[in-house]
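The same chain A turns up in both complexes below, where it pairs with chain B and then with chain C.
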Partner chain A sequence: MLTLHQVKKSYWGGNRALDSVNLSIGPGEIVGLFGENGAGKTTLMKCILGLLRYGGVITLDDQPITTKNIARLSFATCEHSYFPALTAASHRAFYRDMFPNFREKRFAALMEFFELAMHKPIRSFSTGQKNQFEVILALSQGADYILMDEPFAGNDIFNREDFYKVLLGILEPHETILLSTHLLEEVQHFIGRAVLLHKGQVAGDITTSQLEDEGRTLMEFVKETYRYQADRVSQALDKLTGEE
Partner chain B sequence: MKAYLTALTPAARLTVWKALGIALLAALAEVWRFTTSFCRQMELQEGVGLKDLAETAGLYPIFGTGLVLLCAILVLPGMERSARTGYTFRRLPVDERVVTTLWGAQNTLVLLFYWGSQIAVFLALANWYLQTAPAELVTQQTLVLTCYQTPYLHSLLPMADWPVLVRNLIGCAMLGFSTAVLSFHWRNGRKAFSTLPLTLVAVLAFPVGLDNLIPTLLQLAVCLDALYFTIYGVWRWHGNDA
Partner chain C sequence: MTPDLSPLYPLGWPWQKELQYTGAALGLSAIYAFFRFVFPFQAAVNQLYELRGRERVLIPGETVPPFPQVFAGALAGVWLVALCLLLMPVFHHRWHWWGSRSIYLMRRLPRRWEFCRRCVAGPALGLAGTVLCALLMVTLCFLWYWFLTPAGHLPPDVWAGIGGILC
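What follows is the complex of A and B.
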C-alpha cells in the first residue's frame, strides 16, 4: 500500500503545489490522476519518488521510501529519464543488473511490439518512440508501483490505443499504476479509479465502478467536481463580440 | 557493491572509448608535429635539440587541449541535456553520493591514463629522436637533461621530483572528482561551474620547472583544497536533499 499522509509541498515564493494531500493506493489498482495544469500532479509523483523535498509522510507498506525499497517504484515521465546516448540493449543490461526483478521477457516483447531498435542510441528515436521506450523501461523494471506522468505526450491516438490494450494485457494482479494524464476520455475504460487534484488538494476520488453505479461518465464527474461552467466560453465570446 | 559498480556503467560506456579516442588523437597529433618539425629542421640542415624540438612541435598545447576535451567528455554523461537522467539515478537502490564518489574515482583513473599515455608518447618520440638525430646532438644525458630543462616535460615526467609527482596525482583526482561532482549538482538542480576554471588553471599551471618547490607546494595546496571542498560538496547533502 502506497500511503500519503498530509503531504505538503511549497515552491519558492510560497507557491503551494500540494496542500495536505491524503491518499492511499493499494496493490493492483489502476489509478488515473487528473487535474488542470499546475494542479500538482507531477509534484505529487516527484514527492512519492523522493525527487522533491516535502512535508508530511509517504510510506510504502508502512515503510518510508528509501534506497532500500525505492526499486519497488518505477517512473515514466514525459521529461524522459533514460540515458539518451545509450542503446536499448545497454539500458536492458543496466536495468537487469540494477533491478533484480527486471522483466526481461516483457522488455523484449514490448520492444518487438513497438518495433524499436535495440542497438541505436535512444536519442536517435522519434519523440513517440522515446515515449514508448520510457514506458517500456518503467513497465519492465519489475516495480510494484508504476508511476506515469503524461507518458504519451507526443504519441498519436493509434499508438496510445495500442498501448492501453497492451498494458491491460500484460499487467499482473499485484502491479499498480498511477497514471497522470489530461486524456480523460481515452483512459476512462482503462482505469479503475480516478483521483482529481485541484490547486494542490484532492478534490475528488472515485472508482469507475462507483461511477457506473451512479450512471455518470468520468468527464461528468470531473466537470461536477471542478464546477465547470459550460456557458463560460459563450459568455466570453459574447463579451468579446459585444465590445466590437 | 555490485549495484554501485553497475551504476557507473552508463558513465563508463559513454566516456572510456571517447577518452581513448582523445588520447589517441593527441598522440597522433604529437607524433605528426614532432616528426614533421624534426624532418623540416633536417632538410634545412639545422640541428635541433630534443628540448627545442619538443617546444617547436607544440607538445604542451596539444596536451592541454586534450586535457580540456577530456574533462568535457567526463562531465557530459552526467549532465541532463535531453533527458532527466537524475530521475533514474535517484530511483536506483544505491546512494547517489556514493555513486558520485566512485564516479570521481573512475574519472581520476581516466585522467591518470591520459597522463600515462602522454608520458608513453613522449618517451617513444624521444627514443625515436635519440636513434635518428645526428650523433653530435645526442648524448646519454639528452633525455634526462631535456626533462629537467623544459618545464612542461619536467611536469609530465617529474622523475625524482616528488612534490610535482604528488601535485600531478592530486591534480588528476581534483579534476576527476570535479567532473563527476559538477554533473551531480546539475542533476540535483544546483548550478555549478567549478570544473571549467579548475581545468583551465590545471592546464596553465601544469608546466613547473626544476627547483620550484614553493610554487609546486602552493599548487598542491590549491589542488588539495579544491578536492576536499568538491567531495565535501557532495556529502554535505543529506540523502533526501540530494
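What follows is the complex of A and C.
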C-alpha cells in the first residue's frame, strides 16, 4: 500500500504545489491522476519518488521510501528518464544490473511489439518511439508501483490505444499503476479509480465502478468536481464580440 | 587494449574521449614541465662557469640554486589539468539533463552511491593520474638536476624551499 499522509510541498516564493494531500493506493489498482496544469500531479509523483523534498509522510507498506524499497517504484515521464546516447540493449544491461526484479521477458516482448531497435541510440528514435521506450522501461523494471506522468504526450491515438490494451494484458494482479494524464476519455475504460487534484489538493477520489453505478462518465465527474462552467467560452466570446 | 572504465563515468558519456583528452593534456603538461625546468637549470649551470681566455672554467664555491627554485612553475600545466578534472563532476552531473532527465532514474536507484560514483570516480582517477604525472616529473627533473650539476656545485640543501615545487 502506497500511503501519503498530509503531504505538502512549496516551491520558492511560497507557491504551494501540494497542500495536505492524503491518498492511499493499494496493490493492483490502476489509478488515473487528473488535474489542470499546475494542479500538482507531477509534483506529487516526484515527491513519492523522493525527487523533491516535501512535508508530511509517504510510506510504502508502512515503511518510509528509501534505497531499500525504492526499486518497488518505477517512473515513466514525458520528460524522459532514459539516456539518449545509449541503445536499448545498454539500458537493458543497466536495468538488469540495478533492479534485481527486472522483467527480461516483458522487456523483449514489448520491444518486439513496438518494433523498436535494440542497437540504435534512443536519440535516433521518433518522439512516439521515445515515449514507448520510456514506458517499456518503467513496466520492465519489476516494480510493484508504476508511476506514469503523461507518458503518451506526442503519441498518436492508435499508438496510445495499443498501449492501453497491452498494459491491461500484461499487468499482473499486484502491479499498481498511477497514471497522470489529460486524456480523460481515453483512459476512463482503462483505469479503476480516478483521483482529481485541484490547486494542490485532492478535489475528488472515485472508483469507476462507483461512477458506473451513478450513471456518470468520468468527464462529467471531473466537470462537476471542478464546477466547470459550460457557458464560459460563449460568455467570453460574447464579451469580446460586444467590445468590437 | 583499454580496460572498460565505463562504470566510472555517467551512462553514455564519451569516457574514452575524456581519458584521451586527459592523457594528452597530461602529456603536454609533462613536456611543458620538462622544458620549463631544463632552460632555467641550464642557465643556472652556465652561471657556474666563467671564461678564462677562451676556456670555460667552474667558479669554485659557486652552486646552482636549490632544486625547488629551479623547478618552480614547472607543474603549472599539471595543476591546470587538475583544475579541469576537479570541474568535470559538474559536467558529469549536468549530463543527466542533456536530451532527457536521466537524473530521475539515477536518483531513484537502489544503490545509493551509484550516481555519485559515476559523477566523481572518473575525474578522481584522472586526478590520481595527474598526481602520478607530477611525481614522475619531479623525480625525472630532480635526477636531471642531480646528475647534470657539476660535482661539488650542488647547494648544501638541494630541497630548500620545497614548497616552491608546488607553485
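Following the convention adopted for this analysis, the second predicted complex is superposed on the first by the 244 of 244 C-alpha atoms of A that agree within 3 Å, B and C clash if a C-alpha of one lies under 4 Å from a C-alpha of the other, contacts with A are read in each partner's own complex, and residues count from 1 in each chain.
In this text, a residue touches a chain if its C-beta (ideal position, glycine included) is under 8 Å from a C-beta of that chain, and two chains touch if they have at least 3 such contacts.
If you're wondering where the values come from, they're calculated on a predicted model, not measured in any experiment.
Once both complexes are superposed on chain A, the partners chain B and chain C clash. Shared-chain residue A:R53: touches chain B; no touch with chain C. Looking at the shared chain after the overlay, A:P84 reaches both chain B and chain C.
In the superposition on chain A, A:R106 makes contact with neither chain B nor chain C. In the superposition on chain A, contact of A:K8 is made with neither chain B nor chain C.
Of the two partner chains placed by superposition, A:K223 touches none, neither chain B nor chain C. In the superposed three-chain model, the partner touching more residues of chain A is B, compared with the other of chain B and chain C. In the superposition on chain A, no contact is made by A:K199 with either chain B or chain C. The superposed model puts chain C in the path of chain B at one of 5-13, 41-49 or 131-139, which is 5-13.
Shared contact residues on chain A (touching chain B in one structure, chain C in the other): 49-51, 67-68, 70-71, 73, 75, 77, 79-86, 90, 94, 98-99, 123. Across the complex, chain B is touched by residues 49-51, 53, 66-68, 70-71, 73-75, 77, 79-86, 90, 93-94, 97-99, 122-123 of chain A. By the touch criterion given at the top, residues 11-13, 98-105, 107-112, 114 of chain C touch chain A in their complex. On the side of chain A, the complex with chain C involves touching residues 49-51, 67-68, 70-71, 73, 75, 77, 79-86, 90, 94, 98-99, 123. Per the touch definition, chain B reaches chain A in the complex via residues 2-3, 6-7, 9-10, 13-14, 77, 81-88, 90-95, 239-241.
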